[in-house]
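Please see the structure below; I have some questions.
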């Protein structure tokens, strides 16, 4: 039962974009991916939503600066389970070019479990779509395990 | 509904590409006061730059901001070249102008597209972004990345334009030209765009001078200051283009000015591709950077970029400082937003083409 | 009156401009800067790639027995600027057009370019020297390939042995081979 | 155009500081850059209104340590002005402890952010600043982050990067070459 | 007994309840797909709205700690229930004549604002400033679009019923049209039709009137804080609301059946709704952006309401 539900449910991934202090390259590419006809993620049922409470897939970019950290974590907390996290670009994982800055908390995975990582600086839209597809797999697995509740 | 209440805009707000926090005091739908809180994208890049060597800083400055990602390393390299007295080969200077203008077109189209998105005109936004994709393809096809071109190196350019990519570029420009003209017409005549943007966020000339704004924001208010003309660099003195100015100084005139500048950029690109001389695209080997200080400026899509570099003779800068256009334009928002409607806040903020990651570094 | 209506009709007639991806492979331009590729057969361990890398994505560690260097380029740290490939003197590092790098979070440390570069051996005494890959030796077309494969001290010795009639300019050119 | 602006700026400086106080350089495209050294910051309050009267605009302000790693005490602040394409840089030495300079935001509105920035990055006190709050850096961080620069060797092996790289090398999986060797 | 059964069937299965939900989701699916085509996109599959609802039902429900919990939960539930009841009352030409004796316009006037009310309760219950702003916007715009709506109702009634004889029953209006041809082709009623065509996007908050839920301005307004099944209820509510509004306009202006076959008439009815939606919702929202609140208000007060009043005046005089 969970199995068929999983494959149906994952056809409606709603995306939310979270900027953790990025240089806006990844954000522009996410907006491009999410909104323009050339990539049309709506084919996959994706919708770009304005409120974190509507989201299923969170795209995070940026090296997590100290000033934005608490706000990012608070917003992340407002996203209902089950949610899947996709790190767009390398900054959330290692800081990329901003590694070891005094204002960056670099490893975002101390706070948030990154389910999928899309390396690139910034990754091309197709790569982001690939990341979303991977995220859907993760989501499906979670649905099949019945792990929908807040863990 | 006469009581005043505070509407927090941001820091993670859909209308803003980047985290920025405004405390907007609202009465009904009218804005009474705006307070800015910055620093969410402050990544300590100046400290990083002082800890990275000259080469690493090419990449680092490119990551200041991805929308004007070519202007930063270009100005940084220019500052170093001024410092070391390096003469860049002429072909490389043409190549630099080409990279700059490609980025300018893409950036301006992105900005006017976002404006359409903010007035809820998503189809027009998509249309503008589809037009921008033509330039994105150029970036990806010629340079290898859609945002960060990686075009520059100290003493030249890392890439070269061969016959094939020249043909590709000219094809794309020919595709772009009628579409941009059509887009100009839509923005100029669409009644919705006009009702929503004309007379909104006005910055009169005297205020523009007082707040020392730069770039399209200044030019839309009537300040005729374009670094490409005022402080010639690369091969701009040899190129034929006109500095666009306007007098209305509202959201609409800024958007129109950007489209007109994009049209000028297309013509600059064509001139460059035609006139580019044969020759090396970079200086061979590694150039030592002597002790000293130097300044370079260039016109990024958003306005004047300023670089100050100070070297103590080691392979790292003693100090590398840059000032970006948005840094100058932020404060003028308080003039533009005075007494506007809640619905106009995103529009006005977007009209200065804010680049927060640039500003906060 | 409504200029956009015209565009709307045109859009309808032109049909979708959506790419087939992800249901079909996407077009990748030849110059695309995807993940970097390290060719251990060309690497001379000069370290310039590590020097110019702003993201610190390249690390080299001598393995325990000292026979060579473990060369790691971590794609999760790389910012794909291509400076390493630009400055690599032997073109051991190149940027490929492969952008299929999206991976599960648990694999984050495995997404890397991993190679083992064995140190060269002095052709005379067997001491450890910088790698002298065959490709590079051929490409350089050095006049004394055997001396090129020697450690500095053996080279000095070999030069001294035949230094009686040597022309000074030739020697300087040879030492620059090192 | 260029010459006129250069002359106006020269006059503004030399009437206050005497002949030869400004040194001009040109870049390859013939743009002029003027350099002024002020060894005593009191003169800044006299120079700023003159430049403002000459309608120069403030480009930005750069503060720096005379020695990057603070092996020698001393800071300098470079004020960059522009008049119609000509840049004039006025470097002011700040030697006292604690370091302090007067604010010039009375004459140049956009000095506000610049001054707040070097206040928090270099811990320099700006006298008579209208709005001396933090600008960019978080309240959790000490001010003067750029003042006490960490040497590169430490930076390269910054704690977070180091831990990450240990994980890369310890390997969640075995490297290919290691498998082949066995 | 059979009356009660019939009413239950109408409420739960057809034309209210399940049928209205299905029709609403179908229309939304078409809307999204056609909009995508107009924007040079492929668009989502037709069942996408249903998939979205299904997905939302598997999600967690978060309730803000500062919110009024009861109102927060009740708003979408009552809103959905309200529209489902309303849908059962909507007559379908040649298929269903509405619950007898209940299908009168005054009742509809009370029922139609239910979704807007639900939005307002949601906006104020969620205790976020954006919700509050959305609330005040929704209220202002509702007052604005109610005016042309009432005027158009009266105009149709006057046309069908004659002077002094208030034809405040949909059935009367429909019977008049069965006898004299649809009001759509009646030149006197054209201004009222125009007013209703402006009313549809207004009440559905699309295009020029996407004001209460404007994403960049008030981040979807009252919906900001909703998640999971409650959000699904809101989405369903808006889908059914779309059906009601379209059916209402069809009933007022072109209820005429195609023949005597129920199936054919049903398809004919859906087709009319579909065409009406494509014009007034899909094309409209694709080709325009959003107005400011006071500009949106002006459109209704200055253009839509007077247009409807012209029809009302003409209908009263000409009779």
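Per-chain residue numbering starts at 1, and chain names A, B, C, D and E are given in the order in which the chains are listed.
Methods note: contacts are C-beta pairs under 8 Å (C-beta built on N, C-alpha and C of every residue); 3 or more make two chains touch, one makes a residue touch a chain.
No experiment lies behind these values; they were computed from the predicted model shown.
**Student:** Quick one: how many steps at least from chain B to chain C, stepping chain to touching chain?
**Tutor:** 1
**Student:** With centres defined as the mean of C-alpha atoms, identify the chain lying farthest from chain D.
**Tutor:** Looking at centroid distances, E is the chain farthest away.
**Student:** Report the chain whose mean Cα position is at the greatest distance from that of chain C.
**Tutor:** Greatest centre separation from chain C goes to chain E.
**Student:** Using mean C-alpha positions as chain centres, tell me how far chain A is from chain D in Å, no decimals.
**Tutor:** Roughly 37 Å, centre to centre.
**Student:** What's the distance between the Cα centroids of chain A and chain C, rounded to whole Å?
**Tutor:** Averaging C-alpha atoms per chain gives centres 32 Å apart.
**Student:** Roughly how far is chain C from chain E, centre to centre by C-alpha average, rounded to an integer in Å?
**Tutor:** 64
**Student:** Quick one: which residues in chain D touch 2 or more of the other chains?
**Tutor:** As it turns out, chain D has residues touching two or more other chains at 136-138, 145, 155-156, 161, 164.
**Student:** Tell me, which residues of chain E touch at least two other chains?
**Tutor:** Within chain E, residues 36, 38-43, 215-216, 219, 286-287 contact more than one other chain.
**Student:** If I count partner chains per residue in chain A, which residues reach a count of at least 2?
**Tutor:** Answer for chain A, listing residues that touch two or more other chains: 37-38, 40, 43, 50, 65, 67, 94, 96-97, 99-100, 102-103, 121, 124.
**Student:** Under the stated contact criterion, what part of chain E meets chain C in this complex?
**Tutor:** 36-43, 283, 286-287
**Student:** Any idea which chain C residues touch chain E in the complex?
**Tutor:** Interface residues on the chain C side: 2, 4-5, 8, 11-12, 14-18.
**Student:** Using the touch definition from the top, list the residues of chain C that touch chain A in their complex.
**Tutor:** Its residues touching chain A are 16-19, 21-22, 26, 32, 35, 54-56, 74-81, 99-105, 108, 111.
**Student:** In their complex, what parts of chain A are in touch with chain C?
**Tutor:** 37-40, 43-44, 85, 87, 90, 93-94, 96-97, 99, 109, 113-121, 123-124, 126-127, 129-131, 133-134, 138
**Student:** Hey, which residues of chain E end up touching chain A in the complex?
**Tutor:** Those in contact with chain A are residues 32, 36, 39-45, 48, 51-52, 54-55, 58-62, 215-216, 219-220, 223-228, 231.
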